[in-house]
Amino acid sequence: MAAEPTKTAGGDYTLAELMVAAAAREIADGEVVFVGMRLPLLGFLVAKSLHAPEAVGVYELGIIRESLASEPILTMGDLPNLRRSHWLADTADMMALLGRGDVDVSFIGGAQVDRFGNLNTTLIGRPDRIETRLPGSGGACDLACLARRHIIIMAHRKHRFVDRVDYITSPGYGDGGDWRRRVGLARGGPSAVITTLGVLRFEPDTREMVLASVHPGATPETIRDNTGWALRSASDPRTTPPPTAGELAMIRRFDPHQYWTR
Amino acid sequence: MAAEPTKTAGGDYTLAELMVAAAAREIADGEVVFVGMRLPLLGFLVAKSLHAPEAVGVYELGIIRESLASEPILTMGDLPNLRRSHWLADTADMMALLGRGDVDVSFIGGAQVDRFGNLNTTLIGRPDRIETRLPGSGGACDLACLARRHIIIMAHRKHRFVDRVDYITSPGYGDGGDWRRRVGLARGGPSAVITTLGVLRFEPDTREMVLASVHPGATPETIRDNTGWALRSASDPRTTPPPTAGELAMIRRFDPHQYWTR
Amino acid sequence: MPKEKRLSLPDAIERFIPDNSRIVMGASLESVIPFAAGHEIMRQGRRDLTLVGPISDILFDQIIGAGCVRKVQAAWVGNVITGSGYNFRRAVESGRLETEDHTNLTVSLALRAAAMGVPFLPTRTALGSDLFRTNPGLKTTTCPFTGDRLTAVAAIQPDVAVLHVQRSDVYGHAHAWGNLGISREACLAAHNIILTAEEIVDPDVITSDPNRVVVPGFRVGAVVHAPWGAHPSPVPGHYNRDHQAFLDYREASKTPKDFTEWKAKWVDGVGSPEDYAELLGRERMAQLAIKEHDYSEPVDYGC
Amino acid sequence: MPKEKRLSLPDAIERFIPDNSRIVMGASLESVIPFAAGHEIMRQGRRDLTLVGPISDILFDQIIGAGCVRKVQAAWVGNVITGSGYNFRRAVESGRLETEDHTNLTVSLALRAAAMGVPFLPTRTALGSDLFRTNPGLKTTTCPFTGDRLTAVAAIQPDVAVLHVQRSDVYGHAHAWGNLGISREACLAAHNIILTAEEIVDPDVITSDPNRVVVPGFRVGAVVHAPWGAHPSPVPGHYNRDHQAFLDYREASKTPKDFTEWKAKWVDGVGSPEDYAELLGRERMAQLAIKEHDYSEPVDYGC
C-alpha cells in the first residue's frame, strides 16, 4: 500500500520524489534493509547509490543484493533484480535474518495508521462486518514485528490518519508506552512516518506520533486538519529538505518512466 | 553401531553377507528407505538392484537417490553417492520427509537392545557415572521415532541383549503395549531385529521381542544363551534362508573389498 | 526408474484437484506463478477450493472471480503493481469467501510445520496484531524454557502443491532457479505435487545438478509441459514480467461484467499453450523473452 | 561493494575464535568438514570451547584430544568408518568433558531456532528417549491447538560457524554444493562466519549463480584460502574421501601417547597448506583427486 502522491510540492520535483528522498535519508550506510515495493524500493536504490553504498538489500521473495540491479525494476520480482544478486534463497531464510534481529530498517505502508503507529492493511469495518476488504499483511506485519525499526510511508488524509485503526495488521506501539514489550515484541517499532504532507516521529516515552517536519507547501495547520486526532508537534517543526539534484537524478534513473513518482 | 560379524555361518558366504541379505529382504519395492551406514547401506543397495528397483533412498546428509551410485561406496558421504543423485538438499528437508511419515523403513544398530527393542548407543553405566561413553544418536533416535518402521541390526551377545538398556537412545516399544502412543510417538517402532544369530520380531500386543528365525549354524538354545532375558520363540522358528547367488553377487559388487562383509 | 508422470494439463487438474481440494500456489511470491494451471482449474469449474499462498499476485483473484474458491489462507491477495484485487474484495465483502489472514512468515511456518509433521511452529511475528482475531490458526503460547510469549502457527496441510518450474524430466525431477519463496515448504507439506514446466528435458540434465532440485521427485504426481505457463509473471531463463498484463487486469476486473469478458477471452477461450501464444502474439512474446543471456558458472560433481 | 575479508588461517582463528567460544563445525555431516580450521584451533591452544554439530566425523575427537573443549552439543562424536572416538571417550569417562546429547534432527532444530530468533522449536523426535536426562535443552511441551505431546528443542546460538566451501570471493560470497546437511541453519544462527575455501574466485563467478550461495555473505567475518582444507573428508569438485586416513586415525588415537604423536606430525608440524600437501604426498593427493569430471548443466539468469 503506497501513498498516492499526485500533486507536485512546488519546485522542480514531485511530491512522490520528495517522499522518496525522505525515505532514502532514513537509511544509514552499512545497514541491512528489508526492501519493500514502490516508493520504499526507490528510496533504497537512491540511498544505496548515494550515501549508503554498503547497505544490504533483503527482499522477502528470497533475494539479497549488495549491489544495484543493472536495469530499472518495477517490482522486486523483476528479473534484473534477481540477476547477479548475492543470494537467491528461501523466504524462510530471509525471514530468519529478520527474526534474529539482523535487519536494521524496513518500510511499509497502509490504508490506516493511528496515533501510536499501528497500521491497517486488512479491512475497514469490523471482522464480522467488513466494509472494505484490503489485500492483507503480506510481509508487513513481519517487518513491523521483527525489524529493528520501520518507516511508514503513506498518504496523509483524515480518514487514513485515525485515532485507532479498525484492525492492527502491523503493530506499531499498540496503545503506547511499553506495549510492545508487554505483548512479547522484543525490539523495533516505527521510527518515522513519511506522508504526503510531512514527516512524523514518535515520542520516546509515550510513543505517540508527533509532527517532526513539514513538506514545502504544507503547513502544520493543514497537517492537523488532515489528521484524525489532536496531533502534537515537536517544539519547532522543520521544513522537510527538498530532494537534492543528486537525489533527483537517481530517482529518475531508477524510475525513468515516472511510474511511481509522477 | 553395526554388528560385528566375524565368523562365517557355513557355506559359501559370510555371516555378514547373510545379515545383509536378511536386511535387503525387509525392503519392499517402491518403499522410501532412510538408508544408514555399513550393513544396512549394503542391504538397501542389494534390495534396490534385485527385488525393489523403485525403492527410494533417503540419506540424512541431505541426499535422495532413486538410482544406484555408479561406483561402490564405503560411507554415504562418498562422492559417487552424491553424483547423479536426485536431490541434494538440507538435512532438515530429509528430516521433514521422516517427520511427515513419508519414510517407510529405516535401519539402525546399537550397543545394547532390550526386550522391547529400545536401543542404546549413548552410554554404558548411568548418566552420572558413565562407564563407557558411546558415540551417541546421530540420526538413529529420529529414525526410531519417526519412520513407519525400523529394523535393528546388531551382534547377538548376552551383554548387548539386556533386559533393560542403560539408556534409551532410540525408542523401541518402551515398556511394551501402547507405550509409544502414550509418550507421543504417532507411529513406527522396530519391526525386526537382525542379529549375528537369528532374526527376531515383536508380538503385536505386548510388543515383546520373540525369536522368528535362526541363522544356519545357530540354534534356538545358542540364541537364548546369548540373550539377557528369557527370550520367547515363535511357535516354530524357521531357519533364516541363506543368501541366494543373486544376492551374493550384488553384495560383492557393492562391497568388492569385503570391507563390511568379511 | 520410477513411472513416467507426464500428463496433459487438463488430465493433471482433473486427476489431482477434485472439488474441495486445498491447493498451495504462487509459492515464489511474484515469480513463476502457475497461471496456466490456475486457468485450467477455472475452465474445469472446480468448486469449494481452499487456496493457500503467501502473495499470489493476481492468480488468486482470478480463481476467486471464477467462483471456484470457498476459503483463502494467505498473507496478501491483490495485484502487486496496482493494489486491490477486485474479485477478492467483492467475494469477501459479500460474505461469499472465508479468509484466514496470514503474514508471509506465518504462511511459510504453517507449511513448514505440515512438512515436518508437527502441529505448530512458534514465531515472534504477529504478536499484538489483530491477525489472531481473523485466523484461528494463530494462538499465543509460552516458551517452556524462557517463558517468552510467542505466536503459535498451526500447520496447514495442502492436498496439492502446484509449482511452475523451468525444466523437469518425465519422472518429476525438476530444476527451479530464481527466488524460491516458500516453494520448498509448499512441496514438502503437500500430499501431492503437480509440476508445470517450461521444458521437458532428459533425466541427465536434472541429475547433472542435484542441488538445483527443489522438490522431492518421488512425491510428484504429474508433470505437465506448459511453455509460457507462468505468464504474465516472470520466469528466470525464459521471460520477463509482463507489467502491462497486470495493469490491463486491473481494468478488466473492476466489475463482474468486465471480468467475465476478460475470462472468456484469456481463460475459457484457451484450449492449449498454442492458443495462449496466439492470443499473446509474437511481438509481445518477443518483447518479454530473455534478450541478454547470463549463464551460471558450472560446478563439478565428478569423483 | 563490502570490505575485503580475506585473512590467513591463523589470523582468522585468532581474531574470531577466542577462548570460551561456541563453534559450529562439520555442518555437512560427512563432507567438507573444516579440518584445516580445526587444526589451527588446536595449534593455537584455544581453551574451553563449546563444539556444536550433528556428527563431526573425527574432527571433534581431535580438538577434544588437544584439550581445547569444555562442552560438546552434538548428535554423534566418533569415527564414521570405525565407530568410537577415543579422545571423546577418554574425556567424557574421566569427567573432563560435558556433553549435551542431541539427534541430527534436534541439533538442526536448535540451530534453526537461533536462526529464526525463537527460543525453541517443537518436534516429535526423541519422545520417550533418555536424551531428556542428559540434555537440558530438551523438554516436553504441549501443542496449543491439538494438545499433542511434543519435544521442545531449545535454541543454540553459536558465536561462530566455520564452513568449508568450494569457492568464495574475497567478500564472503561463496558457492557450496553437494550434501549441505545443516550448513544453512549453522550460518544463519551464528553471529559470525569463517569460510575456508578451496578456491578464491572472482566475484563474477559467484554472482553468476546466486542460487548456489548458502551463506548470507554480509555476515561473513573471514575468508581463508585453504586448498585441501577439508581433507580427509570429501569435497565435491575437488577430492574424494581419504578412507585410509580415518582408519589410520583410529590406531593413532587409541592411547593419549599415540594421539600426541599423531598431533605432532599432522597438526603441530604443519604451518601452511604447503606443509600439509608435502605431508600428504603427491601420489596420495593424485589418488584422491577427482578423476572423472561431471559438470552441471548451466542455467540462465538473463533478462
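The first chain written gets the first letter, and so on, giving A, B, C and D; residue counts start at 1 in each chain.
The definition used in the following text is that a contact is a pair of C-beta atoms (placed from the backbone, for glycine too) under 8 Å apart; a residue touches a chain by one contact, two chains touch by 3 or more.
None of the values given here were measured: they were computed from a predicted structure.
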Going only through chains that touch each other, what is the minimum step count from chain C to chain D? 1
Both chain A and chain D are touched by which chains? C
Tell me which chain's centre, taken as the mean of its C-alpha atoms, is farthest from chain C. B
Can you check how far apart chain B and chain D are, centre to centre, with Cα atoms defining each centre and the answer in Å? 27
Expressed in whole Å, how far the mean CA point of chain A lies from that of chain B is 57
So, what's the distance in Å between the C-alpha centres of chain C and chain B? 40
Going through chain D residue by residue, note those that touch at least 2 other chains and give them in order. 112, 116-118, 123-124, 140, 148, 150, 177-178, 180, 184, 208, 211, 236, 240, 290, 294, 301-303
Which chain A residues sit where two or more other chains touch them? 63, 78-79, 82-84, 88-89, 95, 98-99, 146, 186
Once you've mapped the touching chain pairs, tell me: line, ring, star, complete or other? other
Pairs of chains found to touch, sorted by chain label: A-C, A-D, B-C, B-D, C-D
Within the complex, which stretch of chain A touches chain D? 32, 53-54, 56, 63-64, 66-67, 71, 78-80, 82-89, 93, 95-102, 146, 186
Enumerate the contact residues on chain C facing chain B in the complex. 1-3, 112, 114-118, 171, 173, 184, 188-189, 206-208, 210-211, 213, 215-219, 301-303
In the complex, the residues of chain C that touch chain D are 116-124, 137, 139-141, 143-146, 148, 150, 152, 154, 166, 175, 177-178, 180, 205, 208-209, 211-212, 236-237, 240, 290-303
Flag every residue of chain A that touches chain C in the complex, lowest number first. 1, 37, 59-63, 74-79, 82-84, 88-92, 95, 98-99, 122-123, 127, 130-142, 145-146, 167-171, 174, 179-180, 183-186
For chain D, which residues count as touching chain B in their complex? 28-31, 54-55, 74-78, 80-81, 83-85, 88-89, 92-93, 99, 101-105, 108, 112, 123-131, 133-134, 140, 148-150, 177-185, 233-234, 236, 240-241, 243, 290, 294
